[in-house]
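Going by the order they are written in, the chains are A, B and C; count residues from 1 in each one.
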Amino acid sequence: MVPGQYYLVLSAAVFCIGIFGLLTRKNALLFLMSVELMLNAANINLVAFSYYWGNVTGQTFGLFTMALAAAEVAVGIGIILVLYRNFDGVDVTKATTMRW
Amino acid sequence: MTTKPQLKLGSHLVPGLAAVGLFAVMAAVFLGASFPNPQGFADGANLTASIGYTMFNLGFGSVEGESMLVAFEIIDLVLVGALVGAVLLARRDEGGSMRTILTDGGRELKRTLFDDEEGDR
Amino acid sequence: MAGILEFAPAIVLLPFLSFLIALGAGRYMPKGGALAGIGATAGSFALAVATFFAVSGGQTYNQHIYTWATGVGDAVTLDFGLLIDPLSAMMLVIVTLIAFLVHVFSLGYMNDEGETGLPRYYAALGLFSASMLGFVVSSNLLMAFMFFELVGLCSYLLIGFWFRQDGPPSAAKKAFLVTRFGDYFFLIGVVAVFATFGSAAFAGPDAFPVLAEEALHGEHSVNTFLGMGEEAWFTVVGLLVLGGVVGKSAQFPLHTWLPDAMEGPTPVSALIHAATMVAAGVYLVARMYGFYALTPTTLAIIALIGGFTALFAATMGVVKKEIKQVLAYSTISQYGYMMLGLGAGGYVAATFHLMTHAFFKALLFLGAGSVIIAMHHNENMWDMGGLKDKMPVTYYAFLSGSLALAGIVPFAGFWSKDEVLYETLIHGLGGSPILLAAYAMGLLAVFFTGFYTFRMVFLTFHGEPRTETARNPHGVRWNVKAPLAVLGVLAATAGFVNMVPVEKLLGIKGIDFLHQFLDGSFSSLNAHHYAEILPYSSSYIGGEATTVAIGAGVSLGLALAGAALAYVLYNVPEPVEHTEKLGSIKTVLYNNYYQDEYQVWIATSVVQPISRVLDKFDQGIVDGVVNGISSVSLFAGSRMKRIQTGVVSNYAALLTLGLTALLLGLGLIGGWFA
């Protein structure tokens, strides 16, 4: 029997790894991967709490999250393509035209 | 020839400390919290079938769950929208230069019109 | 005549209609909209006369018309209403008649002289008449105040009619500001009346004079302020309202605007002085006389101001060169008499004088207007002379007005002025030294009045013509002569409606028609009631008839003496200025006792430094704080915007740090780290 807190700590760890990636990388594709990690951290929580309540709603939500992740990746890839086209590369720190 | 991935250390990792800090805080909070025992699922419960039933709002599952039919339909629309959006974004325009001008905040246009090198400052 | 009072609102609305017509369509109409004004005021006059007869028959009218704001709980309700009683009915007739005659006269004075801007002139004239009529029929103090202000606005527009010249705009501003200074107190007074009584109605179940009377008898409780007793507080309220009266009726010390107001067209001067603006102040005191009669202090102050102003203005009128200036000072002086009459408890006497004065002063101003037309707009009396033979209608009308003004029997002014002085005398003898002092001043002013009036007449009409213009005056037409003729007859005969001295001396009962008329009203608004609540007692010198004879004899004698002095000095073929003989007094009189100078001094030496300090405070502290806040925000904003680097990673880092800080904060507060 794994205590409930451990799931949460795992989820937090995965989420923070995703954030770490966001903060330290410049490549847009790696950004996308990091975001996937963060989404899946949320999925871990959903599934953990599904078990906790003895109810499949959380797991169903996990499925929906995956579907949403697919949509997000589709749009994200599209954005990366536009980024590549307009700024000659996938370095997110170069696209700063919307600063002050 | 393939190279072994190498850990590149340096000052670019400094912002990552924020993520580490967030983890420390969250871990401290979670470990300090106490949960009652989980209810868990009954032995032999068919979880996959239950998920399928609950997704289509059918009450045959052995494990209870909320009705998800509306969410299912919304996700359908979102996926279609995302697909169309991705295609739109990814499509290469014939007049590509125009798009460049529009997405750089007008700097390119300003540079061409006014010959102003200070344009993007 | 039943139901004629239902048409009373039309008396006010007709001139207002003419205002709208002259304003909107005057430029497309013949005579610049004059005909609309003449028609409207003629209609109003007809209705007013009908109303007058209905009121004589004992009808009164106190009708609520419109609720402006409904009070919730204890708050007051603001109403518009119409109050027609003998006083307002009489005033309606006067105002509509004078307004009508002034409109007709304007045809001669403005149209025939080829003035421009006539639609503006007639529009303002219509609005002026309408606001004064609205003021007259007001059923409560707030409504009266609003129309009072409208009257002030219209006088501003009309005095400054020739706004392209230098004098009129500045005179208009002066008239507006000086009367506004008085109206400021009036406004506070209106608020005080509402706060005290919860109602400002003149008549009806919750009329404030009645409430005040009950409060003094302890039958009703009212709110008083500043820890004062009821009588003291009523005195304060009365004096506050009196501020507006002093400003509008040009009483000392706020009379300075009136002589300057002569810059306006002469028919306007006639309207302002006889029937509208200046009369409004005195009328207001008469309107709420039931309130003033309760406080002896206020009455004494009114009497003293009146008596002093009567004398003070009369002395200034003695030295003036322009015909209209003399008339201006005579107006101030005559309104002083009315105030004296009101303050001395002579409600009917003062109202009577208000009526006769309206007729003879309108006559004198229109006569002066006629002379000014003839003299090609030269107003200096020293350039006139000998006009008697050239313009007989004007001369005889003017003479009738002058005799009335000087108070020579049997012209209108004699009866009314004599009654004012008589009331003052008997109430003064009844144990009020202040009234005796005011009486003495009033009596002295009679002499000066007789003198300056006939100085004016002799200089203008008698002797030899002193200039080429006076030798060949410009003729005037029927539209000038007709109003003069009407008013000339009225000035000679209006006094017969109230021949109290004759009644008292000969014992003929029932010829004091005005007394009877003003008695037939609401029980709280009639002359009889006022006489009961007045704090004065009467006393006589050897019997009533003897006192009447002595009073009338003395004032008539003084008036004749003044006239005789003027006759000796000025009714010669080649009159010369005698003002040099006055020595240094002449300079003082020429400069109007330095009233303007000291008021300007107050403005520049007292008010201006205070204003400057306040301006410093406003500019430095109030604006400084506002500007400071804005510049701090601007500066902070210019620095804060640097956060928006446009680099996604920075935003993500900030978000992460923010989330961490939020979690830490919530955790520390919520005790998650236990």
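Note that a residue touches a chain if its C-beta (ideal position, glycine included) is under 8 Å from a C-beta of that chain, and two chains touch if they have at least 3 such contacts.
Remember, predicted model here, so these are calculated numbers, not experimental data.
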Graph class of chain-chain contacts, one of line, ring, star, complete, other: complete
Return the chain whose centre of C-alpha atoms lies at maximal distance from the corresponding centre of chain A. C
Distance between chain A and chain B based on Cα centroids, please, to the nearest Å. 4
Report the inter-chain centroid distance for chain A and chain C in whole angstrom, where each centroid is the mean of the CA atoms. 84
Using the average of all C-alpha atoms in each chain as its centre, how far is it in Å between chain B and chain C? 82
Return the residues of chain C touching two or more other chains; collapse runs of consecutive numbers into ranges. 649, 653, 656
Check each residue of chain B and list the ones that touch at least two other chains. 15, 18-19, 22, 26, 33
Which chain A residues reach two or more other chains? 19, 22-23, 97-98
What part of chain A is in contact with chain C in the complex they form? 19, 22-23, 26, 31, 92-93, 95-100
Across the complex, what residues on chain C touch chain A? 641-642, 644-649, 652-653, 656
So in the complex, which bits of chain B are touching chain A? 12-13, 15-16, 18-20, 22-23, 26-27, 30-31, 33, 35, 38-42, 47, 50-51, 54-55, 61, 63-66, 68, 71-72, 75, 78-79, 81-83, 85-90, 92, 96, 99-100, 103-105, 107, 120
Any idea which chain B residues touch chain C in the complex? 15, 18-19, 21-22, 25-26, 28-29, 32-33
Note: in the complex, chain C contacts chain B through residues 649, 653, 656-657, 659-660, 663-664, 667, 672-674
